[in-house]
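As written, the chains take the letters A, B and C, and residue 1 is the first residue of each chain.
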Amino acid sequence: MSGIGSGYDNSVSTFSPDGRVFQTDYAQKAVDNSGTVVGIRCKDGVVLGAEKLIISKMLVENSNRRTFPVDRHAGVATAGVAADGRSIVSRAMSEANQYKSFYGDPIPGHVLAERLGSYVHVFNLYWYVRPYGVSTLLATYGKEGPQLYLVEPSGTSHRYFGTAVGKGRQGAKNEIEKLKLEEMSCREGIQAVAKILHQVHDEEKGFELELAWICEESGRQFQRVPQQLAEEAEAAAKAALEAEDMDD
Amino acid sequence: MGTTIMAASYDGGVVMGADSRTSTGSYVANRVTDKITPLTDRVYICRSGSAADTQNLSRYVQWFLEQHGMELGDDPEVKTAAKLAQTMAYQNKNLLQASGGLAGLIVAGWDKHHGGSVFAIPLGGTLVKVPFSIGGSGSAYINGLCDRLWRPNMSEEECKAFVVKAVSHAMARDGSSGGCIRTVVISKDGIKRSFIPGDEVPVAAGELPPPVRQVRA
Amino acid sequence: MPCRYPYVTGTSMLGITYKDGVLLASDTLGAYGSTKRYKSFERIRKVNDVCVLGASGELSDFQYIMRLLEELSDDDFCMDDGHHLKPAEVHSYLCRVLYNRRNKFDPLWNSLVVGGFYAGQPFLGTVGMIGTNYTDVHLATGFGNHLARPLMREKHRPDMSEEEATELMRECLKVCYYRDKNSINKFQMAKVSAEGVTISEPFALETDWKYKLFENPAANAAGAW
């Protein structure tokens, strides 16, 4: 019974004396150490961006994905344990599929977010499971227009105008707050996201940028931002950052 | 349950109508049946076929929609109700057939996304969106009449008059339909039920209107 | 489970290949027994950008089959690897589904036609309610097999132009309308080619009834009916 948790960190079925569930906190830490993932809701859609730290020079480009469609009108970006992320993705896909089979309509964003939250939450209740080490940014485009949600390891789910998770989340959130999201198009949004991710990236090693969006231009379908657009956005973001550095 | 049921859409809503006869063989088991059943505040279902089967089907759909409304945080759409009823009818068509029970359904109502809409769910469990729909044994007698009288963009009053006329003509020829005429009007303002008692149902050619009751002083 | 019978049905579905793709055509009737009940039922539906499905027979089963295919193409979309079902794969899948259901003595009461265009090749295949299947350069289900296919055999060439193919299709539709009591003069035609899938708005065809002998069939045969 020694160490930081004094034994209260072994299982999610025991609270610590000051009211914490340490396993849940640790799961959140797994997310906090991951590459930054940013989501913003622009006036015409949602943009998701992920900073993918390069785990090996021999890694084949685009083989470690972080953004995934889960239906035509919905997609996620995950931060944290990648394998846990895939499991969340397949759960989200089957929720979307089941909803469509049962009700004959695409699943609304808030329903999917709520259901994912409930699913994740269950893993914070029993001693024989561990919580998901993943935060999920969910982008949807339905009757209510474009929307962005965040589902955390504890099972909470909230809707955001813009948010960030992972290593650089604090810096990224500060930058997002400065954006005029209600005036910004997704075209401008991908550049803003690219810029933020470059800004908060603080390692010698480079990173791979992954951008996905759902907007009018993508036919209200979730997709990775077309390669050429993504490259242009990244180049413009880098140029803007360099220009700002010159001013300093 | 030999029946006449129908629903028609107009500018801003729908009118549903039905006779009130339930028979077992030749005997009229109930002469004031209500065949227009609520599924939610603004979505109703007209039932024809086995009363037992369609009552239970309706209960299931009511329950599903109640759950759905809570999850959605909003009123369910008409098409969602129709899809749920269709699924029940389709998945159980073998049972419905084996027990001699049959389900011919019309789901209609109003929602803020699509306004008034009518969905027909005939025997096999096909789901068809239609401007108006007639069903039950009595409907066979009024296909021509309805094709002649139905127009798009009717007013509420015109649409209701159309429904009452059609149902009364079906009741005049179909022995399995009769009694009273019930109607339900559904629009954004809510629902309005009305009831035409058997002695006030329009009388068709070849029959006599019931004598006016003598009121004693 | 006792055997079933169909309730709301569609009649013939026609399909032909031509130089640059395939055409599918049918009327838009959903018949209830011999009652012409639903006159705007779209019996040809898009599966994905390279494939359409046309159905005759029980329409509730067709709606069910379309949901199966929608699930498959939603999965393709989510995999997001650029792959999607090819027409031959859709056809093969449907053959399995229909044959599997007949083995459960609970058949899906349809004759289906799959039309597609992939890698420069047109595809046309059919499946029956017990899983019988084949591909050909021209196809028809139900009554169309008797009424339209003789015309197709006479006039169809795989290297037809789109105009020629459309003309042949209209002729076939017209004959089916004349001679199939459960049909209406309201049709849709679908095209799958390198440009993708298009399904036409409903249209009607001109019909001929003004022959002199139609008015008085007994004119040259006294005593005839």
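Some points to look at:
As a working rule, a residue touches a chain if its C-beta (ideal position, glycine included) is under 8 Å from a C-beta of that chain, and two chains touch if they have at least 3 such contacts.
In UniProt terms, the chains line up like this: A = Proteasome subunit alpha type-3; B = proteasome endopeptidase complex; C = Proteasome subunit beta.
From a predicted model like this one, the values you see are computed outputs, not experimental measurements.
Of all chains in the assembly, those touching chain B and also chain C are A.
Averaging C-alpha coordinates per chain and comparing to chain B, the farthest chain turns out to be A. Centroids of chain B and chain C (each the mean of its C-alpha atoms) stand 34 Å apart. Averaged Cα coordinates give chain A a centre that lies 45 Å from the centre of chain C.
Separation between the centroids of chain A and chain B, computed from CA atoms only, is 49 Å.
Those residues of chain B lying in contact with chain C across their complex are 86, 90, 93-94, 97-98, 120, 122-128, 130, 140, 143.
Contact residues of chain C toward chain A in the complex are 67, 70-71, 74-75, 77-78, 80.
Put simply, chain A touches chain C in their complex at residues 68-72, 93, 96-97, 100-101, 221, 223-224.
Those residues of chain C that touch chain B in the complex are listed here as 1-2, 4, 6-8, 30, 32, 35, 37-38, 41, 58-61, 63-64, 106.
Only residues 102-105, 108, 110-111, 114, 143 of chain A touch chain B when the two sit together in their complex.
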